[in-house]
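Note that subunit A is present in both complexes that follow, paired respectively with subunit B and with subunit C.
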Partner chain A sequence: MDIIIYGIINSVSLALMAVGFTLVYGVSRLPNFAHGALYILTGYLTWILMNRVGLNYVFSAIIALGLIGLIGAAMYQLVLIRVRGMPISEIIASYAIGLAILEGLRWGGLKGGTFRLPPFVEGSVTVLGVSVDFQRIFVVILGATLMGALWLFVNNTKLGLALKGMAQDERAALTLGIDSDRMAVTATAIGSMLAGAAAIILLPLGSIAVESGYHVLIMAVAVCIVGGLGSWTGAVLAAFIIGFAQILSVVYFGAHYQAVVALLAIVITLICRPSGLFGRQKELEERV
Partner chain B sequence: MTGKKKCKIVSAVILAFLLVVSTAYAQKPIIIGAPLSTAFLYGWAAERGIKLAVDEINAAGGVKVGDEKRPFKVDVIDTRDLEPGVPVSEALLAVEKLILEKKVNFLIGGPVRSEAALAAMPLLAKNKMISILTTGSLTPKYNETVGKNPDKYKYCFRISGEAKWMVTGEIVPCLEYIGKTFSLDRLMIMVQDVAHARAGGQILAKIMGGKGWKVLGEPMVFPTGTTDFSMGLLDAKKQNAQVIIIWMDMPESAILLKQWYDMKVPALPFGIIISAAEQPEFWKATEGKGEYCLANVVNAGNVPSEATPWTMKFVNAYKKKYGLEPEGYGTSSSYMAVYVLKDAIERAGSLDPDKVVDALKKTDMMGVYGLIKFDPKTNQIVPSLNPKEGAVGTIFQWQAGKRVVVFPQSIATGKILLPPWMKKE
Partner chain C sequence: MSSSKGDRRKERIDRGIKVRSDSVYAISSWKEITYLIAPRLVLILGLALAPLVLSAAPYWQRVVSIICVYSLLAMGFDFLANYVGLVSLGGGFYVGIGAYAAALLNTHFGLPPMITIPMATLLGAIICTVLFLPCLPLRGVYFAIVSLMYPLIAARIVEALDIFGGTDGILGVDGFSNVWIEQYFLVLCVLVMVFALRRLVEEDIGLVFRGVKDNDQAVKASGININQYKAFGVFIASALGCLGGACLTHMYMWAGLSQFALDFSIIPIAATVVGGGGTLVGPVLGCLILVPVSELLRDFGSLRIAVYSIVLTGFIVFKSEGIMIYAARKYEQFERWVEI
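And now, the complex of A and B:
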């Protein structure tokens, strides 16, 4: 039972880390390699607002999410738009921005393990005989809610449908009057906010550390490659595959193999199914 | 004497005075290179320790080299070797840069990761560069390598502890004391996937197994950067572990302790090189969830105690300069290394590496954590449980927001406590 419970928690955590990355890629074909940096930046902004400005947790989180959305939009509008359509340049530019943010934070004093966000509710509970802390239960509930809300947004709002249209066929979307640049900047802002939301939900489990930014990026990329770049359904499925595989590897092979699982999944996917489980050649309509 | 002549004499005197003063101030500084992983506790605390000692020494007039007094200057370089995924070659490049480009006279500090410290040894030997390791590297291979080839590696010293003594001389006796006091004998070992932790975990399992403890399985190895320890802790709970050894220097070990608290795992956490729990801010950062965690900080002075008359003097000076108590492993040893180097240079009367090596080998100084002297063959500081006989270590426990020294008995300021959910009815 502990494998199932912690497998679900780990999988939802991975899905949260990856969903913003896949949304941005699905809409704008932009691999946002600053994703991990935006994740940590949100955590740090929330911490600053709580501990230096003195705001409460909820306000700090909301303001940090708003700011990270603006930063994401500015990042696209000021830098990434200039290299759009040039994949290598997109990767280099977005990774450079991420590197600048993370190393800038380190230079600015974000060191060690003492920067933390408090859990939403303290304590733990026994679920089907397995001890689980409340924050991990919140991860599953909020993760599922966030993804459900995202699905509703994409399928039931004008903006969401426009994003979906862009993801499916940019040229066709253009002929229908959808402004591709506007949609791309919107997707980057939403993707950044999703990275931020993941940070606010997941960081109370650990600490706000620069290294986590790199870890989140690696996990997001692994999930998206296995699921099929840009496929939201694929990302969720891949998160569950990798999430459970990691937990199983801890139980049956040893904890140190869990780091290998994600990278092994990338290698196997690239060999057996290069475009991932729900990759482009499979079903375009699956995107977003 | 005419006014003109008087004026000339006064001017000459002033000029001579200025010349003397400027010469004194222009004495070429002795440059200490400090290769440290500055984003991590063992790096930045060491840097602070070195700079505190350098400031004190310079304020007192500097280092007497032959007939002249020269100031110390510190050149810190970030080796990044504690960061996950950073290759050893990065640290080697940093050390090489200090030696060849920055032209430092001595090295104090790291490399911090054992693998990098070992890899740097041939470079130090080739360049006749005296290095005093103060932090991070605990591998016994370091002093063993010096011992096997003392002529080649005579420039490599270590003024902080090494894993073998730490395990056999401090941790095992402390565990035995815990076992006897609380009737505990079921041990689980969790280690980080780095050389010193893996080796230390294996040694500890073997020794404690031989002492009648039930060691629960092989040491669990967690990769650097792990953020979820639930499965390991659930396993500890299932197997009725009573003491959990946590040998991890990654900051994420704080997550493990938070999970341990939230799950109320009925086992006493015993951290070794557990940087996150060593820091004074740990209590606030975890809202007290790390209470009862034991932590080894290698040398006395990294936590307040009365090990020697110099200990609290150092602790107070550190607090005055940085606004907090010494933060953990590597702080007091880095501070002491500068004083030991000063002493050796003054006795050698020169900066010549071979002469300073000879002087360092003859070091005999009562320092912050006891008597400082090096093993003549391996250049490793001589350890002891008594500060009057050698370098003494420290194991403390978090109790009500304070770091209370609980081992060794000679410097203990309190007794070990069990968490309430472990106490037997």
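And now, the complex of A and C:
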């Protein structure tokens, strides 16, 4: 029972980490290597707004989300748009921006342990004989809500449909009057906000540390590769596979092997099914 | 650039001396020979004299060695990215493997540095290539992502399993017998590798490499096994990295987790972009600029990496050709405005 409950929690966390990355990649074909940095930055901004400016939790979270959306959009508009279509430059530029943010924060004194976001509600509850704290329950509920909301947004609003159109075929979208640059900026902003939302939901479980920025990036990428880049269903399914595999490895082998599971999952996926579980790319065309 | 746009454009024409010295007739006069040799001689003499000039300041003398280590890594990155088309964000992995291999060979079998370094280079390169084999069919983004994970995971594994000294690393590795041997060995390595690699990419095999980068489907259609060539490319790049790592171990007389660190992944990339990708000399030039800056910033800790990243982003967005390509253009061509 432990395994199932914590497996679900872990899987939803992974899906939360990955959803922003997969959105940006799906729409603008841009691997946003600054994803982990934006995640940590949101946590830090929220902390600053709460403890230095003195706003309450909800307000500071909302303002931090807005700011991170702006930062994401600015990052795309000012830097990444100029290197679009050059894969090597895209990777290096976005990775460099992420590093600048993370290492800048580290230099600015961000160390694990001291910076913490409080849980939404203290305390724990017993679910099916397993004791789970409220925050973890919130993770599952909010995670599911966020995914649901995102699904509705993409399939039912004009903007969402435009993004979806871009993701499916950029040229066709252009002929229908969808401004591809503006959509890409929007997608990066939304992706950054999703990273931020994941941070606000997940960070109360631990402390805000630079290392988790790298961890989030790696996990997001692992989930996206296993699921097939740009595929939503694939990402969610992959999150569940990796999430449960991690929990199982913790239970049966020890906590050290958690990181190895992700790499193994990637390697096995790449060998057996190079385009991922639900990769929309034609086999071997894009990736291999 | 201040002129009104639209009715004028900049025209670039090869200098006469460049054209004359392109072919075998270059040897017809000393002027052409000098034109060809001068830039190469500047690099060779500059690197060869650096340890002598800096011998008054031992700290900066050590920096020369570090520059050489990073240059090896950066050359490997440049070669892999711009000739084979694999962007490897995990330079730290090669360094780490080379460092641990050298340290183990030295402490367990008691081999002297001059034997462990070549052995660690070869052994490390083989290990890296074998570990990267499953990822070789990948292209572009996908390879970059996976290679980014390698050093991080390797460090985790060493830490978790507590092998090879765990978080303490391997202590008590022999140093070089004296500082001059260390310096000139590294300088020699860098110079040999620069010219060897530049020669290699001009050979037939270099043509295949570039084919793999530009259009791997076409190379495949010509009946050439691209994975084999990619594996060979990774072998060369990781050999350079392992060589750097092995030298580093003997320099610091220590191998540890910090050799998988981010510095070894990001500085070579920054140096390549700043120096000029695809030239193979550019990365060395980039290291000559960036590593001393890094030493000056050492007191600021991780601000170094942040500064690098900003420089890197600036260069890639605004001056993506890099110093070396810019300099070569000025050296070989003249520019003028023409009316149209």
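Basically, the second predicted complex is superposed on the first by the 280 of 288 C-alpha atoms of A that agree within 3 Å, B and C clash if a C-alpha of one lies under 4 Å from a C-alpha of the other, contacts with A are read in each partner's own complex, and residues count from 1 in each chain.
Keep in mind that, in the parts below, a contact is a pair of C-beta atoms (placed from the backbone, for glycine too) under 8 Å apart; a residue touches a chain by one contact, two chains touch by 3 or more.
All values reported here derive from a predicted model rather than from experimental measurement.
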When subunit B and subunit C are modelled together on subunit A, clash or fit: clash
A:Ala96 touches, of subunit B and subunit C: first, second, both or neither? second
First (subunit B), second (subunit C), both or neither touched by A:Ser131: first
Which of subunit B and subunit C A:Arg106 touches, first, second, both or neither: both
Subunit B versus subunit C as contact partner of A:Asn10, first or second or both or neither: first
Subunit B versus subunit C as contact partner of A:Asp169, first or second or both or neither: neither
Partner chain(s) touched by A:Val251 [first = subunit B, second = subunit C, both, neither]: first
Touching partner for A:Tyr214 - first (subunit B), second (subunit C), both, neither: both
Single subunit B stretch clashing with subunit C - from 8-16, 80-88 or 350-358: 80-88
Common ground on subunit A, meaning residues reached by subunit C in one complex and by subunit B in the other: 106, 214, 254, 256, 259
Complex contacts: residues of subunit C adjacent to subunit A: 81, 87, 89, 134-135, 137-142, 144-146, 148-149, 152-153, 156-157, 159-161, 262, 266, 269-270, 273, 300-306, 308-310, 312-313, 316-317, 320
In the complex, subunit A residues that touch subunit C: 31, 79, 82-83, 87-93, 95-100, 103-104, 106-107, 214, 218, 221-222, 225, 254, 256-257, 259-260, 262-263, 266-267, 270-271, 274, 287-288
Residues of subunit B that touch subunit A when the two form their complex: 38-41, 44, 83-85, 193, 220-223, 225-228, 230-232, 234, 237, 251-255, 258-259, 262-264, 275-276, 279, 281-282, 284-287
Subunit A - residues contacting subunit B, complex: 2, 6, 9-10, 13, 106, 111-116, 118, 122-124, 130-131, 133, 135-136, 205-207, 209-212, 214-215, 247, 250-251, 254-256, 258-259
